[in-house]
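The block underneath contains the structure these notes are about, expressed in structure tokens.
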Amino acid sequence: MSFWNDPLKVAADWLLGVFTGWGMPEMAANILIGFLGVLLLITVLMVLDIFLVWIERKVVARFQDRLGPNRVGPFGLIQPFADIIKLIIKEDTTPGGADKVVYNIAPMLSMMSVLILWAIVPLAPTILGVDLNIGALYLIAAGAIGTLSIIMAGWSSNNKFALIGAFRQVAVMVSFEVPMLTMLLIPTIFAGSMGMSTIIEKQDVWYVFLAPLAAVIFLIAAIAELGRAPFDMAEGESELVSGFNIEYSGMKFGMFYAGELLHAFTFGGFLAILFFGGYRFFGLEQVSPFLAIAVIVFKAFIGYWIIMWVKYTLLRIRIDHMLAFNWKFLTPLAFSLLMVVALMNALLANAPIWLYISGMFLSNVAVAWAALEIARSVSRREREKVEGPKQVVEVGH
Amino acid sequence: MTGEQIVFLVVALFTLGSGFMVVTTRNLVHAALWLVSTLFGVAVTYAVLDAAFLAVVQVVVYIGAIAILFIFAVMLTRKDVRDQGPQMNKNWWFGALLAVMTFGGLYFLLQGWSGLSKTAAAIPAGFDAVAELGNELVSPAAYVLPFEVASVLLVAALVGAVYVAFNPRSGK
Amino acid sequence: MVPLSWYLIFAAALFSLGLFGVLSRRNAVAILLGIELMLNAVNINLAAFWRYGNVMDMAGQVFAIIVFAVAAAEVSVGLALVISVYRRRNTVVADEIDMMKW
Amino acid sequence: MSQWIYVGLFFIVGLIIPIGAIGAAWILAPKRPNPIKQTTYECGIETVGDSWVQFKAQYYIFALVFLVFDVETVFLFPWAVKLGQLGLFAVVEGIIFILILVAGLVYTWRKGMLEWA
């Protein structure tokens, strides 16, 4: 029964008993238990990652009216394992003129930057890695390491395409980090803490109802941070062949690929934590930690599916349009939303809860509507500058 | 020797080693990457000091932005990077002497100071450094002016940098 | 427990390394790298004094944060100057940037 | 401090796993390098010139604008954490802070630095 309620603590206590029984000091035993727990979590993640490959291929096949992998095993489920075996026994070429050390470190850093994100993910009320009180910034810090790995990969490959791809990707990633940081401030304001578990505990009302626009901007910025279509400037198959990872083969390429998929899934999880209540679902999380884990994984999969949906529906955007979209639309919008939310939060501080929620919701909708109106009128003016006013064309007939 | 001391020594040696590589490596991109590892070491030092906010800000600002800016700048000024000539100027021995003297002087000064062997008090339970920081940064009795001035400073830096580097008259 | 002196000596060593970099590198970008090391050394001192002094008094951390802002401003303007000089004179070697001398 | 031990463990294990995967590939994969295999990949065409091509200064501009915004937004986090307990005065201070920031953005925009020229 107690294992059912708090599996992590029960297992830790049992292991502590075993290790101290072997004459290990308590401090060392605790660190060893932490190490084993982290290893377990990361192993589960890597296994999940293997299946993400299969899911991604199946889903993209359905989007494109194909069947996807269906030959190896039932529904092609064994396919990703076959892929891994191929990646492992494939010859790993290093281009001549590459900076060998940097070239080899880059894929490891890329994978690490994704895995360390899970340190702050609360899987259930009692199952979480670390409850850092700076969780939201930790998310950005891990992203900074990912950005660095891309520029290292691009530079060390000694390839024009790789370097151009890396530069583009880094420019996009850093640009979209600004609206993402700003949108992380909004759950922080609501919860009064940056810690992920506090943000979940305070979400009696999902923050997506308080700030729907913030959730949308966060999703857009997250997709850009992931470097997935429509923001996949680095890959740009038609122009840059494969972008920063062009010279990588075998398992090193596999690290970039698996890292990208797991990153997408992780951001699905963070979307769920920040705006959709994390592991909470009508008190289901109180029943058992295992149900809580099921809830958060399910929500993360929905977020992941939305990211895939966007990827396979939209076309790639040209880099200048993309950066202009960020700096001239998304960033000002994010800052105005932040100001409105901060102001409303202070004004409605003592209001009843229904007024608070509806006030927040309506102010978000108003900001979104105003932004779209301004964008529409500006783009109409731009169009008229290029094409001339509509009437002139008709007179010319 | 306690675990914390071992962690500190490992981190300090790693940081100083990386710092030494920063000032001696010929390849400037490598120097920038060594700077990243130095900065990461400093971030770990902040974590050891329980300054969690400073540790993440160190990673976000220094590694995520300043190091990237350095790498971009190195690649934009590429001709001299591959210049295989000496990377040290002819007075480098004087610089080395001065650096050693600075370190020796600081060490000598620290020796005579009584507060040196002080150990840290435990952090009181329930103390939230980030919230406390937020309090201090916006309360008029504390640091609201530096907070706003920092914003002005950064905007001034942005305007100045954009103007200096990309003056339309100077070509591109 | 780590005594305060270790942090101060560590910071002093990092500062001296940065000073050496600033005084002896030829490349202007490398000189800025040295300045970064010196600023970081200062920040370590500020954080250490915060931790070893009165924890409730946040002055050390606030100072460190202001130093972050100053470092960002310094890097952005410094590198912009280097790039600007590179475009006009095609060099980033500090000794050769001598237009103000005669 | 103790929670940072776990973060450190995540960093260590997060490095061990990719090193293990790449190491396994390194042990199992055949290694028969030859000069043709190691040429730089450029769609089958021979590489012309150097890989270190001249970059647009525009990339630097975006990194520069990002740096300033990154630092300033990070400053807002302690403010946001405490916002619920602070009065309207603090909110107004934060808004002034953001407005100064936006002024910088407007300046760069007006100067045409955000155009991909």
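Each chain carries a letter (A, B, C and D) given by its place in the written order, and its residues are counted from 1.
Simple rule for what comes next: a contact is a pair of C-beta atoms (placed from the backbone, for glycine too) under 8 Å apart; a residue touches a chain by one contact, two chains touch by 3 or more.
Keep in mind it's a predicted model, so treat the numbers as computed, not measured.
Undergrad: Would you mind telling me which chain pair, B-D or A-B, is linked by more contacting C-beta pairs?
TA: B-D
Undergrad: Using Cα averages as centroids, what's the distance between chain A and chain D in whole Å?
TA: 14
Undergrad: Can you give the whole-Å distance between the Cα centres of chain A and chain B?
TA: Roughly 28 Å, centre to centre.
Undergrad: Rounded to a whole Å, what is the gap between the Cα centroids of chain C and chain D?
TA: Taking the average C-alpha coordinate of chain C and of chain D, the gap between them is 21 Å.
Undergrad: When you check chain D against every other chain, which residues touch at least two of them?
TA: 4, 7, 52, 55, 57, 59-60, 63-68, 70-71, 74-75, 77, 80-83, 94, 101
Undergrad: For chain C, write out the residues touching at least two other chains, lowest number first.
TA: 65, 68-69, 72, 75-76, 79-80, 83
Undergrad: What are the residues of chain B that contact at least two other chains?
TA: 4, 48, 50, 52-53, 57, 60-61, 64-66, 68-69, 72-73, 75-76, 128-131, 133, 137, 150, 154, 157-158, 161-162, 165, 172, in rising order.
Undergrad: Touching pairs of chains, which are they?
TA: The set of touching chain pairs is A-B, A-D, B-C, B-D, C-D.
Undergrad: Can you list the chain C residues touching chain B in their complex?
TA: Counting only chain C, the residues touching chain B are 1-10, 12-27, 29-30, 32-34, 36-37, 40, 43-44, 47-48, 50-52, 55-56, 58, 61-62, 64-66, 68-77, 79-84, 86-88, 90-95.
Undergrad: Of all residues in chain B, which touch chain C in the complex?
TA: Residue list for chain B touching chain C: 2, 4-5, 8, 12, 15-16, 19-20, 22-23, 28, 31-32, 35, 38-39, 42, 45-46, 48-51, 53-54, 57-58, 61-62, 65-66, 69-70, 73-74, 76-77, 79-81, 86-89, 91-92, 94-96, 98-100, 102-103, 106-107, 110, 115-121, 123-124, 127, 129, 132-133, 136-137, 142-143, 146, 150, 153-154, 156-158, 160-162, 164-165, 167, 170-172.
Undergrad: Sort out for me which residues of chain D touch chain B in the complex.
TA: 1, 4, 7-8, 52, 54-55, 57, 59-61, 63-68, 70-72, 74-75, 77-83, 86, 89-90, 93-94, 96-97, 100-101, 103-104, 107-108, 111-113, 117
Undergrad: Spell out the part of chain A that touches chain D in their complex, as residue ranges.
TA: 31, 34-35, 38-39, 42-43, 46, 87-97, 104, 107-108, 111-112, 115-116, 118-119, 129-132, 134, 136-137, 157-164, 167, 170-171, 174-175, 177-178, 181-182, 185, 188-189, 192-194, 241, 246-247, 250-252, 254-255, 319-320, 323-324, 327-328, 331-332, 335, 338-339, 342-343, 345-347, 349
Undergrad: Quick one: in the complex, what on chain D touches chain C?
TA: That would be residues 57, 60, 64, 67-68, 71, 74-75 of chain D.
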